[in-house]
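As written, the chains take the letters A, B, C, D and E, and residue 1 is the first residue of each chain.
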């Protein structure tokens, strides 16, 4: 029994034991078991970007079983994917690794300045597939944001009642934001706060830059001299924004890039107190051996940061 | 047993004992217990304005427990917040202070001339968190107003059936109103009336100015010589507009400002018969000791006005 | 037992005894009991026009109890109001006078050329408040008309199943109609027909003028020489349009005006066979004694017209 | 027992005995009992065109009982009307003639290039009124067509489960069609096909003209030399389009016109194999004796065409 | 017991035995029984293109029984059609051939650049008609795509729970795509992936061309040298995109064309590993004897490709 895991669980004080069991399952799984840190494998890019753009580079990835195997071999805390991908392996891998059913998704054959994903699965689907959690994406900054918040509200209430943890991808995007603003520190911290207020157990945001998007926020960052010049500082600020550290916040890995670049970013996140990373393309688009090596390095950084 | 509390409860004659219990709980709590007056701590600014703009000035406020502690220490009648903030402390503070779950919220990453909040929680959430009431914001003057009224209708019916009190934030706003009109006396009185007709138990409006927004109203204010030159007169008029005084009407504190300005405004409200104040940024953005001092002064004014 | 009441009830042949009981209750109540005639007090102007415009002229009217007392003292057949106003007096006056819960309302802080009210109460609310009927407004001529008809369809089905009578305010209004057309005789007769076809038990329209709005209708009025030059003729025509007289049709009193003007209009309506009037501002904006006198005069006219 | 009736019933092979009972009831009723032919009286014009335009010419028609009596006296197979008209006579005439509750309607106080009726009644209404069938209008060619199809889908499923027959008025109309196209033979045949595919038991279309609206269709009509020059040929083609004759297809009478014109049209329809007519204004806008005579002539034509 | 059928069924590991029974029923039916290959007859063109364009060329096809007979005589694995067509024959042919109820359809009397079909049937309809599966069309690339995905999500969940297989027609179409892009290889592969991720058991796409629509995809196709010059290569790529071959993918036949052209295309599809074809107009628009001959040739090609 890990003291850190107990501490983290103590923050989720309104949740019933069913939810705590699933949060604990994720924290007791894989190479980072017991540390309260997370490395999660997400594979929704086939839906989001298309199959060739996602899997052609490392073509075993077309097969849904590949990703279960990769997550298991790498000692990930959990594997997250849309309905079809989980249906295609859920029985074979039942109970071997916590699953997160991604309940909404967008494809790239149509794009809109104010995006909103389609709901593509249900809490009942997550239960019949033996999942530990559901995943849901919101796009603060889109004119459709309220629709997403309200879908999440309903799904999260149902998920919690069924004992499933709620993982929220909070990705600012939409006509109200500049491109830079999508990852600016003020917006990233705000995105984490919104997800936390909506009742997320685990919050996923993108690594923030030092930009400030909103004038009203800039005044405060300057007046209060909030330090945001290093990634560690910004990470720390985002986690503070998620209830002063009382919520698990993890960071996405972004587009595929070189190993050094990945590890440098992880270093900054870990130094700032990140609870971990969710790493898709940088994992499954590498040959398996390389991916395992990279994920091990990432886990080592997080473990050492403990 | 306070006669004033009994009198106030007698106005809610269509409500069943479950609702009366929760109204009584709020009036029997804190420094103003038994007076029929209210000072409520609301903390939804993390969602509405963002975390840094809300909590950086007094950074312990990032932690949701801080606000429970502040409301308790200050002897507030109740603490109001969105889902995430209440979930993060509801078990630890269960039963120690009445909670109001704010069921809809707007963020500032997208803004619209005709705003409408997202519904972010449910009556069931309020019940599982042990709340005394639900809170709901309407924006009369927005082209989306009817959507909000209809959401409120449904939620209020469900809340009353479950024994929860219904607190309505009635904030005129939208393309149909000028900026001045948002707080003009005719519009403020109308906003109170709408909330009352929609079945609110407790109505929260902003302190009104002496402006008149609508020509059709101006004729009546002039013809009937309705006195609106002092804040006390305007407060009295708004309360009259809420069923001739048969509904609890409280006033918001607005943006953070100096202590003298706050207390002067409270003085006017109290002189006009206000049932109390709901005071957020002026409380949690001050250092705790200062906040407690200020809230005590506010409570003293209301108590003395009795 | 009144033969006229029995005759009227016989027209509602598809309704079950629960509905007939409530129709009978209204016809057995007040100064016109047994005559099959109606004088109803409606007070939704606080919501529709705002509190000062409605109640400042006779300020006891801010208090919801005032209107129950007025309706009782005047011997009205029923009192109609929105949720909040009825909630504030329903227990005290339970069973002393039939209540009509107005289930949709519009406020004047936002206005649209194609209006649609918000649904502000439910059949369950009407039942828990001990009402005899529900009231619902439709605006034929608005591009939102179908939404209102469909809301009414659903509510009326539920109301009838629960034994509540259905009173429909049919007020032509919207971009498809000229201002004159809103009360023209062809449109008024059409509005009565629509309400009747939608299943209303009691239909409320405005006193029609001799104007004709629609060309297709004008041809018929001219070809068939339908007499519409006097108010009595027009009233008779509107009642004919409501199933050849097989539905109760009552007329609204409109804006506040002098006693002579009111009584002259009532005279015309009564001569044309009107089943009665629904009189708000002309009643509650007068001092109580004057209002009682006026309402007595109105009732006398309707009784004598029997 | 009529062989023709048995044959027709055999086509509805997926329906349960409850539906077959009601189809049989209509075919065993009136002057055409046992022939498999239909003359139905529809009276929804009060809602659709207004009361004066519908009933002033023959003013007994304002009274809903008139139409029950007319349909009975004329030996019609069924009487179809909206909710209010059926409610007003359903008990008196219960079981004496099959009733079709028209579940959606449009009024003429607002008109749109892409029309969609309001749903104005329910399957439960049809059951409590003792109806044999429900009626529903679709407007193929309107941009709102899918909404109507989806409403019909839901209502038809519910109706069939409750044993009610489903009668679909398929009237092409909308911005996608020219005025001529609304009754062109290609569009009329397509409208019949759509209603049949949506699961209608009885399909009502307008008598088609020899025009062709769509170029893609014109090619086929020319290539396959489909004969459409006479009304009989066109009628036969429309019936073929309704599952090769496996669905009952009846034709509307259109605007009021002279007796000779009516009977000539009926002659063409009957020669083409029409299952009958639905005749409103040409029936109820004539003095009753004339209407009975005309309807008898129509029935004679259909009977002789057997 | 066929090993190939067992292998295919093993891929659907999250489905319960009820679904597997119906997938097996289709694979154990007709001329290709036991091969894991499919030739399905779909007849929704009466709704989609109109009756004359669909059936005039071979007029027995107006009769719904014709298509049941054709599918049976040809040894098809299943017959797919909208509600009306299946209702008209489901009892006579109950259990003789697996039926697929097409649950959404578009007509051609109104067309839109961003199409969305109407839902025209339900899972309950499929059950009462004894179907093996439901069919549903999605149009990736339409701005209405998310609506379709969400309708499918709900219907698929209900279908799977009831033991029905889910067949998805994934047809890219809409303002976001060029005409060429509708069948380009990148888009076709993406369409297959989307259907698979949405939980389809059987995916139907159009035979793809060698075009590339999206620039982001082009980079990958070029960088990874994905071979797409022959139809066999493209077919193989599309099947790879459907979970690396773990989902049944079949191809549509498209517009009517000559026998040689049909068989050449089938040859390419079969060489690329297609699980079969769904062939409508090329079957039912030929005289029956010719259609049977063609379908036999198609089946022979697929059988030999095993």
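Keep in mind that, in the parts below, a contact is a pair of C-beta atoms (placed from the backbone, for glycine too) under 8 Å apart; a residue touches a chain by one contact, two chains touch by 3 or more.
On a predicted model such as this, the values are computed, not experimentally measured, just so you know.
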Those chains which touch chain E and also touch chain A: none
Steps needed, at minimum, to go from chain A to chain D via contacts: 2
Copy-to-copy rotation for chain A and chain C - C-alpha atoms, rounded to a multiple of 5°: 145
Centre-to-centre distance between chain E and chain B (centres being mean Cα positions), rounded to whole Å: 58
Distance from chain E to chain D - Cα centre to Cα centre, in angstrom: 36
Per-residue overlap in chain B, given as positions that touch at least 2 other chains: none
Chain contact topology (line, ring, star, complete or other): ring
Ring topology as an ordered chain list, initiated at chain C and continued via chain D: C, D, E, A, B
For the chain C and chain B complex, residues of the former touching the latter: 46-47, 49-53, 56-57, 59-60, 62-64, 66, 82-92, 105, 107-112, 116-122, 124-125, 128-129
Partner chain B, residues of chain A touching it in the complex: 11-15, 140-143, 145-146, 149-150, 153, 157, 172, 174, 176-177, 186-187, 189-194, 196-200, 214, 216-217, 220-221, 223-224, 226, 237, 240-241, 243-247
